[in-house]
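Labels A, B, C and D are assigned to the chains in the order they are written; within every chain, residues are numbered from 1.
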Amino acid sequence: METVQQLRDRLAARFPAARVELVLNPGVAAEHSLRLDAALGRDIALFLRDDPALRLDYCSNVTGVDWPDKEITDVVKTTVPDPAGGPPKIVEEKSVHVQPGCLEAVYHLYSMSLKHGPVVIRLRTGNRADAVTLPSLTPVWRSCDFQEREIFDLFGIVFAGHPDLRRLLMWDEFKDHPMRKDYVEPDDYEWEPTAHGAVLERAKAHQLAAVAGVVDPGQSSANPPKAAPGSTTPATTAPVKEAKP
Amino acid sequence: MSDAPQSTPASPRPAPAEGFPAAGNISDADREELRRHGILLTSLEELYNWGRSNSIWPLQFGLACCAIEMIAAATARFDIARFGAEIFRPSPRQADLMIVSGTVTKKMAPLVVRLWNQMPEPKYCIAMGACAISGGPFKQGYNVLKGIDRLIPVDIYIPGCPPRPEALLNGLIQLQKQIKGEKLTGPDAARHTRADLPSEYPIPAYGAHDLEPAKNPAVWTPPAPPSA
Amino acid sequence: MSCSDFNDLDAELTAFGHPGGSSVRAVHDQFHGDLLEVSMGPQHPSTHGVFRMVATLDGEQIVKLKPVFGYLHRNHEKIAENTTYLGSMPYTDRLDYLCSMSTNWAYALAVEKLSGQAVPDRAQYLRIIMAELTRLVNHACLVGFLFNDLGTSFTPLLYAFREREKIIDLFEALSGSRMMCNYQRFGGCRVDPTPEWLAAARTLVENFPRFLDEYERMLTGNEIMLARTQGIGRLDPAHAVNAGLTGPVLRASGVDYDLRKVDGYGFYPRFDFRVPLGAQGDTYDRYMLRILEMRESVKILVQAFRDLPGGPIMDPKAKLRSFRPKAGEAYGRLEGPKGELGFYLISDGTPNPYRYRVRPPSLINLTLLEEMCLGHTIADAVVILGSIDIVLGEVDR
Amino acid sequence: MLGSGIINGLIVTAKNFVGSYHDPKRMVTVEYPEQRTVLPENYRNFPFLISENATDPMGTLRCVACQICEKECPPQCIIIEKSKDKKPDASGKPQLYPAVFGIDTSVCMSCQICVEVCPFDAIKMDQVFEIAATDRFHDLFLTREKLAKPNSYYHQIHPTEAAEVDGRLNTERKAAEEKAKAAAAAKAAAAAAKSVPVAGVADPGPASPRPATPIQPASAPAAPATSPVPKPQDEPRSSPAGEGGPANPAS
């Protein structure tokens, strides 16, 4: 099979409008990947599937990856010659800029008929808040069906053109995307006898909140849920007690 | 009553002046002595509890890894049928015992409570394995309920990940002992005989971030952590 | 309704473009009945755990079936991203809890690909022994569960569990736990088996074909089984490949794709074994394929015991604590008993993986469940689900 | 012939049914509270702490509160608080000790990682499994008093592994001894004497996983990190009560 570099060149020639970047993998595995232009993602995927030399008919793994906003400190070193004739000084200029985060979908493609692979392709969203739409590759490979639903559920990438885009693992009423790096899970830290590290911090925060009466022991959660008394409990002999002081 | 505790030392019986003592006052040693002579003494309460404790029908309800060990306990090698508990009922209406075998996720928790509510009294709950007791290794997960005892009362906790089938049998024997000791009348009567105690528990709803409510304060009363 | 009727129906469905959405209408138009929605599970004796199917029925025929997941979603990936590489190893036991040994290996394989660790020869052989023993356990139990779904009350499962107990006794004697072995490490295995253990394992493997013969005599010729599995849940190869199905389900449709041959991971290229393939792609083929795979596994095991070399079982450079692979990513996969089990890891140079993803074969093999069930009765859906072989710990993770 | 497959299947089950009456090998049931499976030596369930001396378990814990296991435990079920003062260990060196050591068995998954990372051989895997309780907050949280078990108990449950560990520790201690001869000599000898399994010193009591099982002292003496042989696979894994096998522990 051709190398990823050759494949990149071939794709660039075939899709001149698309931006196809080579993403080098610095690790030992050295499985380099191709970052595709999201707008033309599905066309390129179809090409990869149907090209006779590639025949990538099997999409094995679809993964979401969250890349949060990152603060990057740039250090620019400039050499200033000393006017007095001494050795030139090195002046460092620091500047901080925020690299905007994004969400990424990674597809591992193999060929079952030609028995080669993997070709790793990546699609990136514009940011993590509102521009989170990517083209769905489920029409190309049916195996993306559940995996794209899972990514929609856990990361919040919206796959345009997916036939049945619903949450896969969490319930439909759930609002968060828990696999994102900045997700805070609900507060149920009443009984943590062996807490240390991050868990201890959360347990202490829970204790403080309980003492201050902020958290209702019956309904504690990191994000106070909206009250829905009618829907929560059916008629029973033991209604949930209100908060004890 | 061959399985009366044999280790009880022969305590002096309550010294009847004449005649025979009332059935309730006979010590275990005396009763064992009588049994050897072919006389069975019992009370209605004991007979009732004996029957119940030896035909506990569990709900056929597996959640995760521990369910495989529960199935293993029902197969030939461990043979839970020796305890009268082999009839795993698929319907909660016919079951006496709910073995919560595995991780209870928040998505599953309302259904577990509903199944519990559908079981008729007297009913018992065994939390089998670390996950059912406390969330276990998956405790810090966002979708994992940290212990089924936040929502329903649990009678026996069997730790282990997963517990051996023998450990499940051991828990079942403990439950049988508990059932045999239950009183039907009086102030310390068993849960199912008392009208003031609930047999149904509120079913939490799916909320935007968590279950609502995430716990039932009527059954969930954790003490202060020991190291705090 | 006899088998031939179903074949006619199949032909008609193909004419209407089966599988796919249009066949829903086709079946509906054919029967003109009122539709009934049935929710099976998550508490149902034959859904193999907390799996739920929402089936729309016309009479007893399925016209629509939607699987619902997540009742055992216990956040394995999130927890793994907050713990060390080694700390995730015991969690992989709990993914596919019937086959902890091969799940361990899949994870170790991915981490070794990420960090470039070498594995000594003896450990490679031990891994193959454990993986194939696991395959025996899984397939034997699967057949037992499948017959439970067909309506036998527990008997084949009792036979399967009798054999399973023997094998997991071996696992327990070696690794200390019946199910959660936690046996593989990055760069080798944890415990070296004694000669007595190996002798006991060899005896077991040599006796296993006898069990298989008994099992087959009891089950394979059973007319009720034949009537209920042949022609049921057909799956054509093109759809199966496109839907990413792997493992015995794919090979039952006749696609020759076994990672032990394709990737040749571990020392599998040194072994002589066949990859059984099905012809019809129906439930019966999936059942027979499991039996044949067990026989091939026995062949592999016999060779492994014969050739097992001496030497160390751990890479001497491997270290247990403060393990930090270089930044990068790797996707490691192997042929688990249920299909392609893959781990995708992104390292950022810290002790914890930045991204940890499991490619669950059980979940992706369910992609075509609806298409396989369309036009069959609700009782057949149970059997089809049983023949796909899912474990909910892996489906929902 | 139609139906012959079913009849064949019935013949198989009938064979097993009849066979189980005359062939004890086919009776696989272990009647649990009366009979017990012989747990393999490598079996692990919940950790415990090793103390050198059965009479003073709290004073002779091997643990030096380094907190490595607390950090490495995947489900974080261990809590350790270091002591303020130091106590001499077996080789006479002053060491910290755990003022608080707790394991929440309602979380522990017996993965053995704490044992593998412990550099002091202070925490080992136990074999108890009958600890079902009615109150998880108190009964299932094991404090250091409940966790400490003497070294002789360790020898009883994992003989091969314990002999290897003791050999290693003794070598280390001898090396330490040579460095600091005078004061340490007496203590090291005492430790070496203690580490030999002494019947009757340890009383595992109700926690013992197999009270009536005789310990085979000669199970693969030279092999490192061994696993015992399971019984031949067709036999039931236990002896019937009252035939020289495990006595009835239920009485």
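The definition used in the following text is that contacts are C-beta pairs under 8 Å (C-beta built on N, C-alpha and C of every residue); 3 or more make two chains touch, one makes a residue touch a chain.
Because the structure is a prediction, the values reported are computed rather than measured.
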Chain at maximum distance from chain B, centres defined as averaged CA atoms
A
Select the chain whose centre, defined as the mean of its C-alpha atoms, is least distant from the mean of all protein C-alpha atoms.
C
How many angstrom between the C-alpha centroids of chain D and chain B?
28
If you average the Cα atoms of chain A and of chain D to get two centres, how far apart are those centres in Å?
44
Got the chain B residues that touch at least 2 other chains?
76-77, 107, 134, 137-138, 140-143, 147, 161, 164, 222, 226-227
Shared-interface residues of chain C (touching two or more other chains) are 70, 73, 75, 78, 82, 90-91, 94, 162, 165, 180, 396
What positions in chain A touch 2 or more of the other chains?
169-171, 178, 191, 193-195, 199
Using the touch definition from the top, list the residues of chain A that touch chain D in their complex.
191, 193-197, 199
Per the touch rule above, chain B residues touching chain A in the complex are 107, 117, 134, 140-143, 146-147, 150, 198-210, 212-218, 220, 222, 225-228
Write out the stretch or stretches of chain B touching chain C in their complex.
60-65, 67-69, 71-72, 75-77, 88, 90, 102-103, 105, 107-108, 111, 115, 131, 137-138, 140-144, 161-162, 164
Which residues of chain A touch chain B in the complex?
169-176, 178, 183, 185-186, 188, 190-195, 199, 203, 207, 217-223, 225-226, 228, 231-234, 236-241, 244
Contacting residues of chain D [partner chain C, same complex]
2-6, 8-9, 11-13, 28, 40-45, 68, 72, 74, 109-113, 116-117, 125, 220, 223-230, 232-234, 237
